[in-house]
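You will see two complexes here that share subunit A, one where it goes with subunit B and one where it goes with subunit C.
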Partner chain A sequence: MINFNFFVLPFTLGLIYVFLAVGKSWYRWIAALPAIDKVKLTNGLKHPGKIAAALREIFLESLIHRKMWKQNPLLGYMHMSFALGWFLLIILGNIESRYYSGTHLNAPYYPIFLKFFIHDKLVLFFEVYSVPFLFRFFMDFLLIFILSGLVLAFLKRKQSKWFGMKKTTSHHFTDRVAITTLWLIFPMRLLAESYTAGYYGNGGGFMTQPLGNFLVSLTPLPSDFVAYTMWWCYSLVLGIFFVMLPYSRYMHIPTEILLIFFRHCGIQPKKWYSSFSETEVQSCSRCGVCLDDCPMIAAGIQDSQAVYFISGVRDRYVPEEISQKCLVCGRCQEVCPVGISTDSLRLIKRREITSGQASDFRYLTNGHSGKGDVVYFSGCMTHLTPTIILAMKGILTRAGIDFIHLDADGSVCCGRPLMIAGKDRQANELIEFNKTLIRQTQARMLVTSCPICYRVFREEYNLPIRIQHHSQFLLNLIKTGKIPLQGHFSKVAYHDPCDLGRGTKTYEAPRELIGKVADLVNVREEREKAHCCGGSLGMFEASNSQRNLMTKAALDILVENQPETIATSCPLCKKTLGRHASMAVKDIAELVYEAIPRE
Partner chain B sequence: MKDFGFTVQLDHSIDYDAKDKRMMRYVLYHEPSLDWCIGCGSCTATCSAGQFTLFNIRMAHTLLRRGETEKLKQELKKCMFCGKCQLTCPRGVNLRNVLLRINRAIELFG
Partner chain C sequence: MDPQVIIIGAGIAGLTAAGALAEKGHHVLILEKEAQPGGHVAQWDRLFPSRRPGSEVLDHIRKIMDGRVEIKPGIRINGIIAHDQDFTVLTEEGTSYTGQALLIASGFRLFQAERKEEYGYGIYDNVITSAEVETVFKQGKKLLTSKGTLPQRVALIHCVGSRDEKVGNLYCSKVCCVTGVKQAIEIKEQLPQCEVFSFYMDMRMYDRHFEELYFEAQKQWGVQFIRGRLSECSEAPDQSLIIKTEDTLTGRPLRMIVDLVILLVGFVPEPETGKLVEMLGLSTGEDGFILPSDEHYNDNLTTVPGVFLAGAVKGPATISNTIADARAAALQIDSWLKTKP
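Our next item is the complex of A and B:
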């Protein structure tokens, strides 16, 4: 028996279309991967452990939405009810249809519209645990599960605060069409199944049957006609949703699966726009979680956050201002439920804008650098905060370390400020110059006071010697008893610099160090969630007053627990925060230096 | 040429009617804060590149205003982009963006 009716066509055609469109995109992205990534992918797919790990992450993130749960339980439940509920509905619907058709080869539409084709006999009282009853029970249960998520989605439009979100994203036309059809799918299914159950007087579950009986009693029109219309509507909204999916934000559903596989195979973002970047861009669901956590919101900047930037990349048009209007502090990257490397995408775009700009550093001639065990590189920013240099030199001398201050007569920049503007090629000239200088010292360790330098030394320099930020170095000196400590500060709040914290994941060393010389007070948003001080070199398009607003917002959080001193480990943060703080802002090197008893 | 024992200086006068104002307009449109500059020279005094060579942001600003594109091109190549100038600026001029925008202007009109 062939079960067919013309109303299944919109759904079937939509389904075929979405499979072809997604398949084409997947094929294109995989084919366009750089050769090295292709090798990684094929090797990864031969590795059962990696596949299992990827599948586990797909289950946890794409269906359960674990990171969304962490963000806010209501938000997590809403996403889970749609994703997991729909997934289980498809699985159970398929099993149910196999039970009825008795064959393994069903038309793809058959499970979806099963209740139209099958009107099972009424389940009698003693048959409540029969197979058809259980199927109906769980199918209705899953439908309620999804509809509860739909109710929450409606509520979120009105009361986004309940979902832990102050701001929600504004969407494109295609997104609006897609979300409308998505929201209509399940109410349509409910109505179609209910009317059918009500008309035939059987075949429904614990929800659809009573609802169907009720609706049929209300409707003046012939209810078989209404039911048939509802099936048409159900098929149509499904079909339209499928056709819109590749052109809307819902493309993130199939793309994220591929992205998770890519990541588990060890594929990483490149310095240029690769097809890995494209999968990252398409995986952005535009949920807007990055909006609330962006420090720029404090300055009233609401058009260049990660979600809007990525949306622009996807539409192949990003105004220059949008690319440059970002602190590159990495906070959005920490909260992104998909884990998109937003900073690296931003820098790729900046490279496209500025990489062609000329530079000429031939005026740099190799000077004389002395020799020493430890080479201390203070960095450009530290030259603007000479107290840090004074403290570091004092501590190093006191500890009896054979050190050389590499940039005593002014720094050659480490290269990161150029790189953050997208000028990697130009930065390489400076990197090579500094590398030669450092090599000449024959030191076995490089210590820097600037997190910006520290990050680029670690990521780009490939030096054969140990590299430490001064927080790590000083902690080591104290632990090995090289410097005596006497004084003690009370109530110090620590501000995590972006490049040291999120940039190099150095959270513990500065805190442990402060613990040795002061009482550390808690800060509401710290470590991964720390606010940028507003002085970031990554920002180009913010005015001075906008930067001040960001600094004040960061300070407000720091002073919540009434600290007497604010400590940080970055000269740029010290300088920026110091302008607005009502208490002293000190680098941790200064704290340590002041705690050393004077001879 | 016969040596008279002295040289003739090249003409340094600028014809303000003939100069190319496009670069200046472009930079000022995208970074209006440049107009706040009082020419104090803090940027130049602290400049990282200025430690090693005769690089002078205040001069770059003057060249931009005068429309001396060729000289400006050569000057700007020396900038290391470290951002010290911006931090010392008492007027809060967004100097890194100024430099970035001059570079863009050179690409567009230079």
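Our next item is the complex of A and C:
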């Protein structure tokens, strides 16, 4: 017996379309991978461990939505009910349809519209606990599960605060069509199944049957006609949703799966827009979790957060202003449930903008450096806060370190500020210049006071020597007893600089160091959640007053537990926070230096 | 007897207005937070562009008001109550003064140069401010380095705390350019062997005789003006200073070693004035200075009837501007008292 009715056509055609469209995209992206990444992918797919890890992540993130749960349980439940609920509905629906048809070879629409074709009657007592009953029970249960998520999704549009979100994303036309049809799918299924069950007086579960009986009793029109219309509507919204999917944010559903496989095979973001970037962009669900935690919100900037920037990249049009209006502080990357490398995408766009710009570094003469065991590079920003340099030189001298202050007469920039502006070519000129100088010192270790320099030394310099930020270096000096400590500060709050914290994951060394010379007070949002001080060199589109608002927002959190001193480990943060703080703002090197007994 | 007018601030604005009001027969009381009247001018040696002593101007103003105006020094105001017809000023000492009109002439404060940490003020001994240079001259001393030697090279840095978005002050302080030119000449007069460099963004020689003074500095005294904003200052082992800037006329980075750096600090709103603003419900501009009720034709009036403004509470001003403004305020107060019901 062939079960067919014309109403299944919209769904079936939509399904074929979405499979072809997604398949074509997957093929295109994989084909466009650089050769090295293709090798990684092929090797990874031969590796059962990697596949298992990828599948595990797909289950945890794409279905359970673990990161969303961590963000806010209500938000997690909402996303899980849709994803996991729908997934289980498909699985169980397939098993159910096999049970009824006795074959594996069912048309794809058959499980979806099963209740239109099957109306078996359960009358006898023992039948109530039969397999069909269980199917009906669980299918109704899953439908309720999804519908509960739908109610939450609707509430979220009205009361986003309940979901831990102050802001929700504003969407495009295609997204609006897709979201409307998506939201209609399950109510339509509920109505179609209920009317059918009501019309036949059987075939429904614990929810659809009583609801169907009730609806039929209310409806003046012939209930078989209403039921049939509902099946058409159900099929139509499914079909439209599938056709819109590749052009809407719901493309993130199939793309994220591919992205997870890419990552588990070791494929990483490139400096240019690769097909890995494209899968990242297409994996953004525009959930808007990145909005609330963005420090720019404090300054009233609401149009250039990661979600809007990525949306622009997807639409092949990002106004220059949007690319440039970002602190590149990495906060959104930490909260993104999909783990999209938002900063590196932003820098890729900036590189495209600035690629043609000229530079002139002819004034760089070949400098000469002396020799020393440790080379200390204070960095340009530290030159603007000379107390840090004085403290570092004082400590190094006191500890009897054979050091050379490489940029005593002022630095040649480490290159990172240019890189954040997208000027990698220009940055490389400076990097080569500095590398030569560092090599000449024959030092075994490079120590810097600036997290901006520290990050670029680690990521771009490929130096054959150890590189440390001064927080790590000073901690080691104390641990090995090289410097005596006497003084003690009370109540110090530590501010994590973006480049040191989120940039290089150096969270513990500065805290341990402060612990040696002061009482560290808790800060509500610290470590990976720390706020950018607002002084970021990565921001090109904020006015001074907007920056001030960001600084004040960061300070408000730092002073919650009434510290007497604010400590940081970045000259730029120190300078920025110092402008607005009502208490002293010091670099950790200054704290250590002040704690050393005077000779 | 209660005074008719209470003036807050005994700088040149307050003193001038007091003299003018006393001449019109009003009973005036001045409240001053410092121990001595005279304000900033009392600390200044010679004035631009004429280079006459500041004390001369101050003496002239005081001569008009002396004996006719009462000055209460060392006063800290902690409240002002506005009644229908008058104002009561409460002080921290517990005393109170009531008057029919209130003139706010509490002036400005010099920008705290420590806030530009990169210039090293408060860190390096040989970085000083223009105010300290005036003190040295006023005491009749020679300008020396921290070691007590004669400086061979001096750099004057313009726009410290002014026209600087990074410290939150977008405005021009108006007097520093010409003060820099004046001090450059005075240094050359005192130390002819010393090389003097001025680092500026642009020279704002807007008033009478300013441009002539600027020419004199270049032609007669050989002061070198370099267009470029100082980026940073560091100290060499011998305590001389290494300054870095960009010569924006040649487009080249520039590095120079000098013995003394003088920071030409600008005007910022006096924090104590901020309290008065709150007590009276006045408004300030984004620069923090008080806004008059109309900046063109009512610039001595505020939005509160009976409360008047004079001098640098409204923003940076020269001495001659301030004196003229204080006289205008006195006229406004006089007519207000006469028409008062």
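A few points about this structure:
The definition used in the following text is that the second predicted complex is superposed on the first by the 598 of 599 C-alpha atoms of A that agree within 3 Å, B and C clash if a C-alpha of one lies under 4 Å from a C-alpha of the other, contacts with A are read in each partner's own complex, and residues count from 1 in each chain.
One rule holds for everything that comes next: a contact is a pair of C-beta atoms (placed from the backbone, for glycine too) under 8 Å apart; a residue touches a chain by one contact, two chains touch by 3 or more.
For clarity, every value in this text was computed on a predicted model and none was experimentally measured.
When both complexes are superposed on subunit A, subunit B and subunit C occupy overlapping space and clash. Shared-chain residue A:Y363: touches subunit B and subunit C both. Shared-chain residue A:R346: touches no atom of subunit B or subunit C.
By the document's definition of touching, both partners, subunit B and subunit C, reach A:D409. By the touch criterion defined above, A:R331 reaches neither subunit B nor subunit C.
Contacts of A:R136 after superposition: neither subunit B nor subunit C is touched.
Once chain A of one complex is fitted onto chain A of the other, the partner contacts of A:R511 are absent, as it touches neither subunit B nor subunit C.
More subunit A residues lie in contact with B than with the other chain of the pair subunit B and subunit C. Once the two complexes are overlaid on the shared chain, A:L537 sits against subunit B while remaining clear of subunit C. Contacts of A:P386 after superposition on the shared chain: subunit C is touched, whereas subunit B is not. None of the stretches 27-35, 45-53, 63-71 or 99-107 of subunit B clash with subunit C in the superposition except 45-53.
Residue overlap on subunit A between its contacts with subunit B in one complex and with subunit C in the other: 363, 383-384, 409-410, 544-545, 575. Looking at the complex, you find that subunit B touches subunit A at residues 30, 33, 46, 48-49, 51-53, 73-74, 77-84, 87-88, 92-94, 96-97, 100, 103-104, 106-107. Within the complex formed with subunit C, the residues of subunit A that make contact are 363, 383-387, 389-390, 408-410, 544-545, 548, 575, 578-579. Within the complex formed with subunit A, the subunit C residues making contact are 115, 117-118, 120, 123-124, 165-168, 231-235, 242, 244, 252-253, 255, 286.
Within the complex formed with subunit B, the residues of subunit A that make contact are 320-321, 324, 353-354, 356-361, 363-364, 380-381, 383-384, 409-413, 417-418, 421, 423, 430, 535, 537, 540-545, 572, 575.
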